[in-house]
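Okay, here's the structure, questions in a sec.
Which chain is which? They are A, B, C and D, in the order written, and residues in each are numbered from 1.
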Amino acid sequence: MQQDIAILGLGRMGSAMAKNLLDAGFALTVWNRSSDATRSLAAAGARVAKTPGEAATPGGIVVTMLADDAVLTETTAGEHGFGRRLGPGGLHIAMETIAPATSRHLADWHREHGNQYVAAPVFGRPAVAQAGKLWVCMSGEVAAKRRAEPVLAAVCQRHEDFGTDPVSANVVKLVGNFMIASLIEVMGEGYTLAEKHGLSREAVASFFVSTLFDAPVFRSYSPTIAADRHDEAAFLLRLGLKDLRLILGAAERAEMPMPLASLLRDRLLSAMAKGRGDYDWTAIAHGAREDAGLA
Amino acid sequence: MQQDIAILGLGRMGSAMAKNLLDAGFALTVWNRSSDATRSLAAAGARVAKTPGEAATPGGIVVTMLADDAVLTETTAGEHGFGRRLGPGGLHIAMETIAPATSRHLADWHREHGNQYVAAPVFGRPAVAQAGKLWVCMSGEVAAKRRAEPVLAAVCQRHEDFGTDPVSANVVKLVGNFMIASLIEVMGEGYTLAEKHGLSREAVASFFVSTLFDAPVFRSYSPTIAADRHDEAAFLLRLGLKDLRLILGAAERAEMPMPLASLLRDRLLSAMAKGRGDYDWTAIAHGAREDAGLA
Amino acid sequence: MQQDIAILGLGRMGSAMAKNLLDAGFALTVWNRSSDATRSLAAAGARVAKTPGEAATPGGIVVTMLADDAVLTETTAGEHGFGRRLGPGGLHIAMETIAPATSRHLADWHREHGNQYVAAPVFGRPAVAQAGKLWVCMSGEVAAKRRAEPVLAAVCQRHEDFGTDPVSANVVKLVGNFMIASLIEVMGEGYTLAEKHGLSREAVASFFVSTLFDAPVFRSYSPTIAADRHDEAAFLLRLGLKDLRLILGAAERAEMPMPLASLLRDRLLSAMAKGRGDYDWTAIAHGAREDAGLA
Amino acid sequence: MQQDIAILGLGRMGSAMAKNLLDAGFALTVWNRSSDATRSLAAAGARVAKTPGEAATPGGIVVTMLADDAVLTETTAGEHGFGRRLGPGGLHIAMETIAPATSRHLADWHREHGNQYVAAPVFGRPAVAQAGKLWVCMSGEVAAKRRAEPVLAAVCQRHEDFGTDPVSANVVKLVGNFMIASLIEVMGEGYTLAEKHGLSREAVASFFVSTLFDAPVFRSYSPTIAADRHDEAAFLLRLGLKDLRLILGAAERAEMPMPLASLLRDRLLSAMAKGRGDYDWTAIAHGAREDAGLA
C-alpha cells in the first residue's frame, strides 16, 4: 500500500523531487504558494492542498523545499502552519538550505509538539534533481532518519548520515555551498589569467576539468565560466547572496573569519549593484574578468 | 638504438622522471648541483656529468627540472651553461614551474643560438612522478614538440598541447598551481566551519571528496587538510610562496588583480613568519583554523 | 525655568552626557537597566525613574543612549516603552549607533504616534564625552532639530546637520566608525612593517602623528597601537564587531561591497575566537603583528 | 661662501627642490635625463651638467631624486655613475622612494668607495615641495647626517632622524605611503557608503575632515575623493603601483602579510587594466564606487 506524503514548495527543485516521489509510488499531496506549479503534478496524480495545514496528515510525513528561513518557519510553526496539524508521530523532513540556527529552532519546536524532525538539505542543480540523482546530507534522531530514508531514496543517489544533531546536516550544506561558490571564483581568476596571456579560456578549462579537477562540480560549472555566459540561471545569483549570508552568519556565530567567503560576498554584492541578481550565480566569476578590464 | 638524453636537476621530481626515462630505454646523462642524488641513478645505468655543459650533447636533448628561474637561466644561458654546447639541432625541454617572462627570455635566447625549445611544465606530486603519471602541458614550435613527445611520454600519462607560443604552457602551469593552492584554502575554511559547529572534519571531507568534489586534486589533498597535519612535505611551503610570487607577477604584468591569489600569498607569508617554510604547502589551510582560535 | 529632560541608558557614554546635562541646568530624569549607574547622578540632583515609561513626560524630551538596536526598539516602542507615554509634542533624541533601518523604523513609529524624532549619534570616547566635547551628527525634521539643539549643545563641541531624513545621521555615524576602525588596521599593518625591519613602533608612530596624520583620531589611537597594549578598553572589541555588523549590513542593503570592512570584520572575529572580546577594539591592530609571527 | 651641491633628477619633485636649493644660496649643478627640465633652473643660475658623473664634484654633495631603484642604482654605481667620481669625502643624499634592499646595496657600495650616504626620502606633493614644506625622514651615519642637514633644511619644514641604519628612513617612507594609499581606500569606501544612502559625498567628507580626521593628508586628499575626479594627477597612479610593489616587497622580505596593502595593489592593477595609469592615484578610491554600480 502507498504511503501518504506531502511536499511543500514547488520551485524547480521541489517540483522535480515531487515528480520523483510520484514515480516512486508515494501517495503525494502538494502545496505551493502560487498555484501554477501544482498543475502538472495534479495531472500526474498528486492531490493539491490549499494550505500547508491541509497538506499535512496527522502522524504523516511532510517534506519542505521552501524559499528561505522565514517562509519555512512561518509555514511550519506559524499560526496556519502544518506543524500543529502534523501532531505526534508526524515527521518533518526539511530539505532547504537554511541557517543552522533556524534548524535548531525548528527541531526544538517539533520536539515540544511531539513531532519528528530530520534536516536533509540537498546538493545538485535542477537537472540533477529531475534525474533523481541528488546528494543528501541528513541528520536528526535515529528513528526519524530511518523513517525518512525511503523518501530520500526516491530523490537522491546517495544520502549521508551526519549524526543525531539536526543542525549538522545544515552545516554540511553550507560548507558545500561555500566550496562551490569558491570554485567559481577560483575558475574566474584562473581562466582570466590565461585569457590575459592570450590563451583560450575554453582550452585551459577543458584541460583542467579532464585532469586534476575532474569532479562533478567542475564539469558542471566550468563551461559556463569559460564562456563567461551567465544569463541562463540554474541558480539565481540573488539566492547565492542569500546563501553567503547564511554561511557568513554561521561563521560569525561560531566566531571564525572566512576571508574567502567575504570575497565571494563582495563579488555578489557588486553583481547585485550592477543589476545581475537574476543571472546565474556563476556570474561571480565575471568579476575577475571585469576587474581585468576585459568586460 | 637508444636516443641520448640528459636531465639536469635531480630533486624529488627530477629523480623520479630520470628513473622513468631510464626505464623507457633512453641513454641517460644526469647532472645535479649536489652529487647525492646522482648515485642511485648511476647505479641504474645513468652517466653522471660534472657540469651542465658536459651533460649536453651537440644536437641532443636536454631536459631541465631545476630549482627556480634564476638557476634555470644561469644553467642554460650562463657562461658555463649547456645552451651554447647544445648547438644547432639541440632541444631544450624545460619542465620547471617558471615565470612566463623567463620562458620568453629562454625561447628568444635559444632561437638566437639555433636551438629548439619546448616549455613542458608538469602537474603531479612526487609519488605521481614516480608512477610516470604526470600531466604535462607543453607549448613551442611544432617540430620541437614532435621531437619532445617520446621523452614526455616516458614521464607522463598525458601531455596537452597549448600551441606554438612557448610561454603558454607556463601560463597554464601557473593557472593550475593557483587553482590547487586555492582549493587548499577552500577546504581550510570549509572544514573549519564544520569543526567549529562540532562536526568531524574527516567526515565532512570524506563526503565531499566522494561526491561533488571527487577529483584527483581533492582526493590527494583533502585527507591532509582534514587532519590538519602538514609536517610531512610533499611540496615545501616556501616553494609554494615562490609559485604565488610567479602567479602574482604574471598577473601584474598582464594587469589584473587576483584577490584570491593575494589571500593565498598572505597565508603563506604568515606561515613563513611562524617558521613553517619547510612544512607541506597544505599548511595554507592551517591559517583558517588558527584564525578561528583552534590551533 | 529649567526644562525637563530624561536620559535612558547610563553606560560610560550615557553617564557622562547625563552629568553634562545636569551641569547645563536641565531638570534631569535618568533610567538605566541596572541601578548602579544611577546613584552618583541621583546624588548630583537627577530624579531616578524605575521604568522607561516613567522617565518620560508627556510632551517632553527623551534622550536615549542604549546598548543596541533591539534594546532601543523595545525601550521605545515596546509594550512598556516610553514612546506611547511621550505623546504628541514629545521628542525622542536617539544618540546610539544603530542601523539606518532601525532608525527608519523608529522615525515611522514616532510619526504614527505624533512624536518628534531626531537621530543624533555621537563621535568621541568616554573621556571626550566627560569633557562635553563630543561631535554630533544629526538629522530629522527641522522643528525637531531646533528643539534638540540646546540638549545637544550641552554634550558636544559641535553638531552637524545632515538634513531632514532621520536616517542620514546614522549613516554618517557608520561611515565614521568604519573609517576609525580602518585606521586601526592601517596603523597595525604600517607599524608592524616598521617593527619587522627593526624600527621602533613608537618612533614611527610619533613621527606620523605629528606630521601627515596629525588628526584627533590618530592622536587618540596611535599610542595604544604603537604599544600593542589593548587590555584597557575604552570601546569594547565585541561592540566594535557589532558596529561592523551594522556597517556591512547597511552596505548590503545598499548593494555595495566594502572589502576593507570585510577585512575588519575578519580581524574582529578572529580576536573574538581568541577570547579578546573585552579588549579595546584597537586589538584589531594586533592581528597584523600576530600574522607576522611577532605575538 | 656658497657650498657646491648637485641634484640629479628634475621631475616635479626634484625641480621644486632644486629651486629651493638655489633660493637658499647653494651653488647648484643640475642634471636630468631629458634636458627640458634644466632650462628654467639654468636661467635661475644653476650649472647644467651633461652626465651624472660630470655633475659630481670630488668630495662634494650629490642629491638624487630619480625615477626608480634601477635608475638610481645605475646613475650612482653604474659604469658612468657619479659615485666613482664623488670619491672619498663625498656625500650622496638619496631622496627617492626606493626599496630598503636597494638602499642597503647603495650604502654598502658607498662604504666600499669611501663615500658617505644618507637616505632621506620625503613626504609631500609637488605643491608642498615648491613651498619648501616637505617632511623628510633620514637615516645614516651621524657625520653624514650632520653634513646633510643644511641641504635638507632648504627643502623641508622638518626632518626626523631615524638612526644610523640607512635603510630605516626608506622603511618609514614605505610605511607612510602605505598609510596614505590606505586612507584613499578608506575614504573611497566610506564616502560611497554615504552616497549609496543618498547623502552628499562632499558634505560627509567636509564634516570628517574638519573633526576627527582633521590632518594634512585628509585635507589634501579628501576633496578629490569626494568629487571622484582623478584626471589631474599630482602623483601618477602607475607610480603608486610601483610604490605598492616596494611596500609588498619589503613586507615579503620581512615575512609578513599586509592584507590591506594587497587590496590596494588589486585596486591599482584594476585601474591600470582600465587605462587609468596616468590618473592621480586617488583613483584607487574610484574602485569602491565602480563596484557599487555607480560609475
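Miscellaneous remarks
Quick note on the criterion: a contact is a pair of C-beta atoms (placed from the backbone, for glycine too) under 8 Å apart; a residue touches a chain by one contact, two chains touch by 3 or more.
Just so it is clear, the model here is predicted, and its values are computed rather than measured.
The minimum number of touch steps linking chain A to chain D comes to 1. The chains that touch both chain A and chain B are C, D.
Set against the Cα centre of chain D, the chain with the most distant centre is A.
For the touching copies chain B and chain D, the fraction of interface residue numbers used by both exceeds half; the interface is of the same-residue type.
Separation between the centroids of chain B and chain C, computed from CA atoms only, is 54 Å. Note on chain placement: the centre of chain C and the centre of chain D lie 38 Å apart, centres being C-alpha means. In chain A, the residues touching two or more other chains are 251, 255-259, 263, 266, 269-270, 273, 291-293. Contact residues of chain A toward chain B in the complex are 100, 123, 135, 137, 158, 160, 162-163, 165, 167-168, 171-172, 174-176, 178-180, 182-183, 185-187, 189-194, 196-199, 203-204, 207-208, 211-218, 247, 250-251, 254-261, 263, 288, 291-293. Chain D contributes residues 259, 266, 269-270, 273-275, 291-294 to its touches with chain A in the complex. Residues 245, 251-252, 255-259, 262-263, 265-267, 269-270, 272-273 of chain A are the ones touching chain C in the complex.
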